[in-house]
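You will see two complexes here that share subunit A, one where it goes with subunit B and one where it goes with subunit C.
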Partner chain A sequence: MPAVTSAKAVFSSDHPLPWLFPLIAMLVVFTIYPLIYNIWLSFHEYAPFRRELEYVGTDNWVALWNDERFWGSLSVTLTYFVVVLIIELVLGMAIALLLDADLAGFGVMRGLLTLTLVIPPAITGMMFLLIQDAEFGVLTWVLEQVGVLDGTAPILSTPSTALLGVMLADIWQWTPFMVLIFLAGLRGLPGEPYEAAMLDGASGWQIFRRITLPQLSKVIAIAVLLRGIDLFRMFDYVFVMTSGGPGTATYTLSLYAWQQTFSFIKWGYGATISLVSLVLILVIANLFIWIAKVRW
Partner chain B sequence: MATVAYRNIVKSYGAVRVMEDLSLDIADGEFAVLLGPSGCGKTTLLRMTAGLETVTGGDLLIDGARMNEVHPRDRDIAMVFQNYALYPTMPVWENIGFSLEVRKLPKAEIRKKVEAAAAVLNLTDYLDRYPRELSGGQRQRVAMGRAMVREAKVFLFDEPLSNLDAKLRAQMRMEIRQLHDRLETTTIYVTHDQIEAMTMADKIVLMKGGRIEQVGTPDDLFDAPASLYAADFIGTPAINLIEGAVVDGAFKSAGIHLPLPPGTAATAGQRVTAGLRPSDMTLGAAGSITGRVVLAEKTGVEQNVHLDIGGADFVVTAPRDVSVRPDETVQADIPPQKIHLFDSASGARL
Partner chain C sequence: MRDSDRKQYAARAVDRFVKGRMDRRQFLRTAGQLGLGATALGTGLGARPFWTPKAHADAHAALKPSDEVLAWVRDVSAPFRGTTLKLATESTPPSNAINSQLKQYFEEASGMTVEIEVLPLEQVLQKLTLDIASQLGTYDLYYIDQSWAAFTARDVFDPREQLAANPDLAMPGWAVEDFLPALVDGIARYEDSLVGVPYDIPIFIFMYRKDIYEQMGFSAPTSLEEYYEQAKAITDEMGPDMYGATGQMKSGHYSLECDWTAWLWGHGGSIFDADGKFAGNDERGLEAMEYWRRLYGTMPPGVTGWTWDGQGQSIAQGVAATMMSWGEFFPYFDDPSATKVSGLMEAVRCPAPKHALRTVDETGFGEIPGVGHQGGSSLAVSRNSKNPDPAWIFMQWATSYDTQVLITALGGGTGPTRTAVYDDPRIIANNRVGPGTTRHLGVVRETIANDMGSEPDLPEWAELANDTIPVRLGKYFAGEYSSNKEAMDDIAQAADKIVSG
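Here is the complex of A and B:
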């Protein structure tokens, strides 16, 4: 029948558009429209008394540039991003190299690693809130016993240590993710170059630096990219553990955007902060992708 | 340069013993080829020499020093792997110079040695390329360059030509042998290809089931195979093997009567197998073997004529200008001294 023939013709590999339509539709609804709306919103602000959005031009962008709290949040976010990323990267690689040795019991340990990943970050935040509690937290007690803390400055209530306390939860939860990715990368490496390097007289460190690390560069770039994006928009841990405090010591960009949008009902300003986050994430992500484009 | 000696070597994987009481001496500057089919233990022996496999029992000696527990990096051995094992993230010149870099040689000296090796191996134009940008033959040469700059005591080759096409294999065979003649480094070369062994070796070590079947020069193995296995493994086309018995001072089988080779230890009535190399035989109007022509395979320089003798396939190598037709009955002959006789039960040469 002609109708059937025509449907067949449309849904053939010669016409890609019908196949791409569902994906394009989802992208438009869930990504492109919200992005455009966000950009539009950044040039408007909610007027509570008139209960409507009014055009404010570049006011939000100018205000952002002069907002000390924004720069403070950006500084906290970047500090969190750099410190946690480096620690998770180094620790993840070290544990992956260890587990790659395939000693007895390591198989079970590899399985256990996935457990931290299935816990919701908010729950992890609660766990570490309790662990670092000033009165009955296990970590607080241990650190007091070894003389690091003296009982006068609780970890999460002291500006100089609060961010470290939050970082601890992130590192505990997400280092295993790095381990799993690096382990998969290590398992995929051919064995013969290692044997050749041994015969060439290379030490363990030389083999790691010159053979393993360069071969893992793409895997590392992907891991850093995925974690980097997550770290940049970190919200859950600070929301649960410190609410950005003490003072603004743990205010990240995401938390600041949330506060401006939902606590202060400054939708336009919140959208502006989010857009800056987005641009920064895009810049950093593309930097990693560029670094990962190794020639070999 | 160095001597390599294996004394009563044993190798086990758990409860499985794959090598038993193997002893062998390789002289200083010798090109020794470990030859045998898959699973015969030749690569295991090579990897034990390199230190990539542990030695379960016995002694491995390099220049008289026991090496069993010495780390691979301290054995002063260079190895070319079957899949080349190049460092994928390093360009050619770094691949070749890596062993010198880890020994902290000055950069200028490394560059000089790398360039010298590259010139010998025709790799000068490829020094900045990465392994994935090279052909199989070029990769093979990089692997050899890596071994060359080491100036190691011993070179090990693990089936290095098995991934190359026939033409390149022939070329690389020659290059490896020329390299050995130039450097005179003791070389142990593993292959399952008897042509590689015959064309390159000073000494062939024929292996079977984790033990040595025969050691000798290529001529020794071709002209005086120590066993049926050795006779069958060496030679292209393969040797013709005919089962029969010693009767009235001659070898007799269905349709074949041959004189015994001079000096044979065969006794009357003994079940024996005669081995006749196709290249030692001649086709003619008269001969002790009569057969029907099945096929004549022209190889270019000569032809392999397949004869049907009592239902068995029998090959005779003849000059290309000898005219034979399918189903034609022909005669073949062989000088008595070219006949190899083996005990059928033990396979030992008589």
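Here is the complex of A and C:
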């Protein structure tokens, strides 16, 4: 029975390779091959009349460099990324600190926080589309009542406010995610440093800055990385709420890549945009890890 | 009872039931006397999606395909029993009527299964382009918006070719010549080939609130300038509760491009000149933009966030008094269970152009200027289909005279693409106020004959019409250009670059 013997030898081996093989296979099939194919695709373009991919050299990369729509989409993406991340981070931390106090009813509130996370983003987008509707949207009505809007410039149809309108949906849906992560971190912190600081007369802000923040740094880093990557490839909200408009005011890189790839069948160009997104995410993530001095 | 008598009798019964002059029990008894099965009678009381009147679903259970047609389907489909056909289509009256109420007859007679995916237009384009690019043949039939005709021409069968190649599969009496010639030219023709046959014909007509016009002392506008003056007067007098005009002006959406062409053509302009260069930035084009900008000032503030759905809703919910848009909306407006304006709307031809229309020779890529922008679609069999013959049988059935009559009745008074259907007694019977009315079809027919405008046919048009033009028009209405000229010059630069490759 040589087959059984060899299988036995493999599974009883101390060598890591047999145990890593399934993971490596999955990585190759689902990550490495698509990545290499994407790189190859960025040097090709689909020729609709010949019905085939043809080699175009660096044309897609040169076109990307000269494409105003790409730079505009990148600018929108970065703005969205920075603003939403900061708001969700600050708001998430504030709510987490509040809910960390075990007051009556806070347990229920912590449970309720998960509700927004189970709603598909496209549905959230539809909800906020209605909330901000120029005719009957409740938010529009409230802002008109307090004099912020004058009734002539709908939130999602005005370039200066459209992106904010989209951000609102994201912040509403994903701030609870930050809260839950921070809350889990806060619950795991040891109590002794706090008792010592209080005995020494430290203020609440000093305790937060000198004890809580340093101890939560890894948790914060994970939350920022996860949300940051999500924000960089945001698609659903703009697709549902604005289709990238008005004009190109809310066109993100993901939406642009999608449009080029699937609406106009410019597969090579779409792959090029996706690759740039990937590189940017990797650079920003590693930069963040380096700056935040995160040690995994 | 002869077939024609049965149709007349059914039409009268339907008319009386819809008008409330016949109760449900009596209607069912009448339908039973016409030999209809219990299954057909039990349908249609559910909620209805937009553009598929529910009141008719019940009433029109009396309408079903003729025995002759079903006999042909049964006979010719015998070798193909068990085949599954797939079609991705926009949610339009013909597709909704076929999908929800008519395909069951085809499936029963043919032994085939027909899977119809009803999707928003942009998703249909996406599925179609992917299917063409991959050549997988996922879809056997293509629903082709007229703006995609050039792009898809090489990937579908010319119906004349199919008729000649498969005489045994030809439906008796089915001929391309039976379709309205203007629609064949405007929707289905690309160079010398036919990209299927005309399947539906949404077309711009002018619709207005009769009660408000009477109150203001207006009559239907005969010129674009008169229309603007009326719209402005209504908004000034009744706003913000009621606006004089409305639109489908969502940035980056095809609907915005549709509105633009109506004003452009209406001012004697064109999208392309005879040399194939973008001409929307010439004198006539700029005059059109100036007119549109003024008219925009009479519209509800949310109009730049609406596609055709929002535009229709603004009339249906009593927010706007007029619209120059798709005639398909009219039957919906007459449905008292869905809108506030049943019986209050009137339909007429669009106001006359301000300047003489350009001729086809003065434009490029087969563009046909006309204030009645048509957004028709054709139905064609994909060359990538693994079942081209069964798909061809379905296509003939779906576009036959008999089926179009049923679509027009069941689908809520949509404009037929066949000449004779307009005169069918079952269609004429619905010429009254109520859901699924056909009282606007005379205007639709006149518009097709006299005012119809068709977009140019070039492979790049799908990108121009769905992105290049509407994205920049969106920027224009968002105030991102300092002048009409700057906006149109920007479009010209981008469009010419795309067209020149």
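The rule is simple: the second predicted complex is superposed on the first by the 283 of 296 C-alpha atoms of A that agree within 3 Å, B and C clash if a C-alpha of one lies under 4 Å from a C-alpha of the other, contacts with A are read in each partner's own complex, and residues count from 1 in each chain.
As a working rule, contacts are C-beta pairs under 8 Å (C-beta built on N, C-alpha and C of every residue); 3 or more make two chains touch, one makes a residue touch a chain.
Everything numeric here is computed off the predicted structure, so don't read it as measured data.
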| item | value |
| --- | --- |
| Subunit B versus subunit C as contact partner of A:P193, first or second or both or neither | first |
| Contacts of A:N38 with subunit B and subunit C, given as first, second, both or neither | neither |
| Which of subunit B and subunit C A:T116 touches, first, second, both or neither | neither |
| Subunit B versus subunit C as contact partner of A:F264, first or second or both or neither | second |
| Partner with the higher number of touched subunit A residues, subunit C or subunit B | C |
| Touched partner set for A:G151, first subunit B, second subunit C, both or neither | second |
| Which superposed partner A:S203 touches (first subunit B, second subunit C, both, neither) | first |
| Contact set on subunit A toward subunit B in their complex | 190, 192-193, 195-203, 206, 210-211, 214-215, 217, 294-296 |
| Residues of subunit C touching subunit A in the complex | 122, 125-126, 129-130, 132-133, 135, 151, 154, 240, 250-253, 300-302, 304-305, 314, 319, 459, 462-463, 466-467, 471-472, 474-480 |
| Subunit A-facing residues of subunit B, complex | 50-52, 71-73, 75, 77-79, 81, 83-90, 98-99, 102-103, 130-132, 146, 150 |
| In the complex with subunit C, residue positions of subunit A that touch it | 46, 48-49, 51, 133-135, 151-154, 156-159, 242-249, 259, 262-265, 267 |
